[in-house]
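After this come two complexes, each holding chain A, first together with chain B and then together with chain C.
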Partner chain A sequence: MSNATTTPYQSFLSRHFAVLLIAACLVFIVCLVHLFGSVMVQRVVIEALIRIVIVVGIYIFTGNSGIISFGSVTFMAIAAYATGWQTCCEMLKPITMSGLPSILRDNSYPVYVSALTSVSLAALAAFVVGLILMRLGGLAASISTLAILFILNVSYSNWETVTMGTASMVGLPTYITPWIALGAALIAVVCAWVFQNSARGILLRATRADEVAAAACGVSLYWSRLIAWTLSGAVMGLAGVLTAHFLGTVSINSYFLNLTFLALAMLVVGGMKSLSGAVVGVVVVSTIVDMFRRLEAGVSLGDTTLSLPAGTQELVLAGVMIVILMFRKDGLMGGKEFCLPKRWAAVRSESVTSERNAQ
Partner chain B sequence: MQNLIQIIVDAVALGSLYALVSLSIGLVFGVMRLINFAQADYITIGAYALVVPTASVSPALLLGALPFAFMAGGVVVVVVVLALLTERLAFRPMRGSDPATLLVSSFAVSYFLQHLVMLIHSGRPKSVGIGNSLSAAVEFWGIRVPGTQLLTMGVALVMLVAMVFFLKKTPMGIQMRAAAENFQMARLMGVKANRVIATAFAISGIMAAAVSLLLVVQTGTLDIRMGLMPVIFAFFATVIGGMGSLPGAALGGFIVGFVTVGLQAFLPPDLRAFRDAFVFMLVIGFLLFRPQGLIVTSAARERV
Partner chain C sequence: MNQLAENSLETRNVHVAFGGIHALSGVDITIKTGMVQGLIGPNGAGKTTLVNVLSGFQKPTRGHVVLNGKDVSGDGPQKLARAGVGRSFQAARLFQDMSVEQNLMTAAIGTGLNKADAIIRSREILDWMGLGHHGAVLGGALSYGDERRISIARALALHPKFLLLDEPASGMNAEESQNLMSIIRAIPAHFNCGVLLIEHNMEVIMGVCEHVYVVDGGRSLANGTPREVQDNPDVRRAYLGEEDAAA
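So, the complex of A and B:
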């Protein structure tokens, strides 16, 4: 049944409005920064884009399955170290990381090769961990992801000959420009969107809504979760590679509870049940954090410099998160995606009905 | 033989410390399905209450300057008030959320408190000399037991006995057990939800205060993350013992203590550094093969 007001283009637009809007905004911001931004602003934007990759990475699993993951940062660390081993400090490696296999110890690899292999390694690690963990559900799964985070932290902190323990690996090539970060953020967002609208993603969302009912309808909890977990691990790996090559250093303790908390705060504030929520959370929390970081550094009013004591930023962040959890459990977006404004929404509903009728 | 006994003493001492922490986590989980990570910060703040807030590395004593009874009493009061405040302001409005959301919110509260301490006391580790006289070792039949270990075991024993007495013999304790068994039904029978939960928090505060004093006496240092690792281990101990079961929590605490000390003693030297990773793997193993824990309560069974 055709409808005069609906073109295929419009129906595509309305169906994928959220992801198109997010992508357009990101591209627009990076263009602005490219044209007018100072180096400082560029760094802030790169940081925010990397955070989008992180939070979307966690969202792919947590948002779709409803199981809060405290351990996704683990796969960032795995990828960050992997890319560090491949690209960092050729002269120093044999001394500082003598336990590496010689293929890594005595050679360096181009950054794109290392990025690919590192992301694959993170995905593989997630898959292997997931084979075990995804048999669990609910709180038990959350707890075991936390255990994974601790296991990796203990292992890498003490594996002196390979990871340099808790010391930082320095001297990674820093090649992350706003455009590369944008590309990664777009990949992450599109991956998340495609997954959540795929048959697998919808099945997984069904298990989120009601585990028992979904299982009774024949949805395999295990495979749906495992696929999401692996994809999430790959995106986290991407975030790890970006972080490593943005900062130029890798140290295990920057992939631990603080980062986990920040990422979860973003996810909670925006709303962990929708992709739009994940992205909004990053933007809102990054803005708050950045604003208070500046206030802590000091604002000059005439002759006097007013500054907040260091640490206010963290207090405000935790406070915001608690307030959101109390009064708006589903986050700012309330679990909804961005949709077309009302005027076009009529078109949207018609197009949906026409599709239904066509079937 | 002596060596073995020494190891067992170490294990009991560490286990009783973990048991204290895991009991307080288990108690609160029992009545409101909240895994309270802020327990770590109750411990930290209890310890920091001993000193005057300054940026100095060896600060002047505040509560720590008082005679022992007043010092202990003061720390208990501080931590209990803190525990009640977090319950009233942060956790009460979230009552009834699912456990995973509550876990996230307790992370947020913990993060808040940790940075509050950092704001007031600065982030640097500090040294305090309290209970130095206790670190002298006492010798029994050729086995040297550090005084701090004896103290830990003694305190844990007293508190465990007091807990059992409280839970079995007092009206409040019986109400609390009823609430842990089936909160809804207990309320219908006239158990006051607010009072039971607040009492659970207060008791968890008392235990946190005891743990913070024990940690300070043992290590002589203050650190804003000093409560974290004991609480993480104790939390995993409650998982092993059975979430919501108090005997299970205590048992889990001792198991984690024994496993930790045992691994330290018997692992090959180059694997010893990874000791804690093995403990965490044990937890995942438990979650896979016995997710309800060693001691199962009716509350742990999910109903459909």
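So, the complex of A and C:
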């Protein structure tokens, strides 16, 4: 048999090629930016890396379960506010957020402690919400996640003594460098990859493909979905912390429908059934959005400045989505992961020996 | 508890009604380990409904499903699958965008195995069925005959005590059908389980089954050895029609 000649190294490379390629590309880009990029380019790359965390966070649940989540941004907001409460200016908090408990109002905490606690809070919130929502399936589950987003938005918009309502919380330390954003993106990508290849991930993808057949295989929909939803919530929390400390401000309107639909557009364009698709979607959509954003702002050509009308980027993005959905309904990656060329790949996708060694 | 109850899957006076339509009316069957039994009946007789009841997909309106002496009438399909009731479907229902090996692994993991052991079990079953070369192929890329065989392999990956096969040979040509039947004949001894084979093709049933149940109009019509069933005038009437049977 052919796989008898497959070395453990080849087998490992074959099985994990997609995540290794994605990681290598991200590291390469950040190295380039670090060496040659201007501050402006660095900010663009940081934004793109944060978007990867967001889209991969949504992918962990939506991609594996097949249930489109409109509410994942909720957990970004929860973590962003949590880290804001812990790290923003001690002088302002008693005035602008007098309703905070004194342990938050009168103290500030190190940024990494606040990041850890905020991500944990987002994961806990996702778990509690998931205990109820994951009993639902299909469209009912999708709409109920949207309801969660609305509940949070309305609550935080009106909880003025704690969240400052619709005003922006300012004064957060801005410590997100391209390397930190890269680290977070790698954590998100590796988490997603490990999950989708785990026993639970396989079960969840089976429920995505055919719930009835999965039930006949003894698969519990509820627990498989709850685990993915909670992990997704944690990664979204990480994205919330990154966004808050990249911008230095937190505003509830930043975590609502615009961000939700932009992230889902990225997932749809790349293909929501694969991690490679999620990352490709971010790259393609970010490129379109940033390119047209600059064109809208105006490009100088000698003495004249040419600019596109406001809203062009949204129209172009919508057009691209329609074209992709018409010709590649499963997105650019068609639900497939990046893989080694066939002549290098192992014949069998997984080696028992390597599995055992990995455990 | 008698020996039969400890190694059997039974329906006792099972009724299933969908609104005013009675799909099953007081059906009793007993599936025993170590043998292949058949379930036959004309179209609309209630065969698939009975399999759905046995595998937890359909709750009986009245009556009981008893697994190894324990009433499992209220248990869902996941619980029954983990308790040892495996099934295939009329349509193969493979996980199309997962590999054949992952299709089987899903069932093996569903019974509580870890991933490494699930891989081993999946490969053992595929090799036993002569399908080892299909392991890395996507479920959606298989031929019709292979799809059907893989769906049986997936049910076997549960290591079931009772395996319910819903028309596994439908759409297969004679040679494919013969090959499949030789595999089904070997399953009880190899996996120490009982098989209930639902099939239209009487030749297949007669060639494989040691005991046959016949249902018609949602009622038990007859049961016995294949020869007894074949000679039963009620069965002939149900299959051939009143006048043809008399002739």
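In this text, the second predicted complex is superposed on the first by the 336 of 359 C-alpha atoms of A that agree within 3 Å, B and C clash if a C-alpha of one lies under 4 Å from a C-alpha of the other, contacts with A are read in each partner's own complex, and residues count from 1 in each chain.
Here is the rule we go by: a residue touches a chain if its C-beta (ideal position, glycine included) is under 8 Å from a C-beta of that chain, and two chains touch if they have at least 3 such contacts.
Here the structure is a predicted model, which is why all the values come from computation and not from measurement.
Legend: residue contacts after superposition of the two complexes on their common chain; A:Met321 is shown touching chain B, with no touch to chain C.
Once the two complexes are overlaid on the shared chain, A:Met40 sits clear of chain B and of chain C alike.
In the overlay built on the shared chain, the residue A:Leu301 is in contact with neither chain B nor chain C. Once the two structures are superposed, chain B and chain C can be ranked by residues of chain A touched, with B on top.
Of the two partner chains placed by superposition, only chain B is touched by A:Leu139; chain C is not. Of the two partner chains placed by the overlay, neither chain B nor chain C lies in contact with A:Met91.
Contacts of A:Ser198 after superposition: chain C is touched, whereas chain B is not reached. When both complexes are overlaid on chain A, the residue A:Val212 reaches chain B and chain C alike.
Legend: residue contacts after superposition of the two complexes on their common chain; A:Lys329 is shown touching chain B, with no touch to chain C. In the superposition on chain A, A:Ile68 contacts chain B only, with no contact to chain C. Comparing which residues of chain A touch chain B with which touch chain C, the overlap comprises 212. Those residues of chain A that touch chain B in the complex are listed here as 67-68, 132-133, 135-136, 138-140, 142-144, 147-148, 150-151, 154-155, 158-159, 212, 261, 264-265, 268, 309-312, 314-315, 317-319, 321-322, 325-326, 329.
Every residue of chain C that touches chain A in the complex is listed here, in rising order: 55, 57, 76-78, 81-82, 86-87, 89, 93-99, 101-103, 105-107, 109-111, 114-116, 118-120, 123, 135-136, 139, 154-155, 157-158. Those residues of chain B whose C-beta lies close enough to touch chain A in the complex are 90, 93-94, 97, 99-101, 103-105, 107-109, 111-112, 115-116, 118-119, 232, 236, 239, 243, 273-277, 280-281, 283-284, 287-288, 291, 302, 304. Chain A meets chain C in the complex at residues 198-199, 202-203, 205-206, 209-210, 212-220, 273, 335, 347-350, 352, 355-356, 359.
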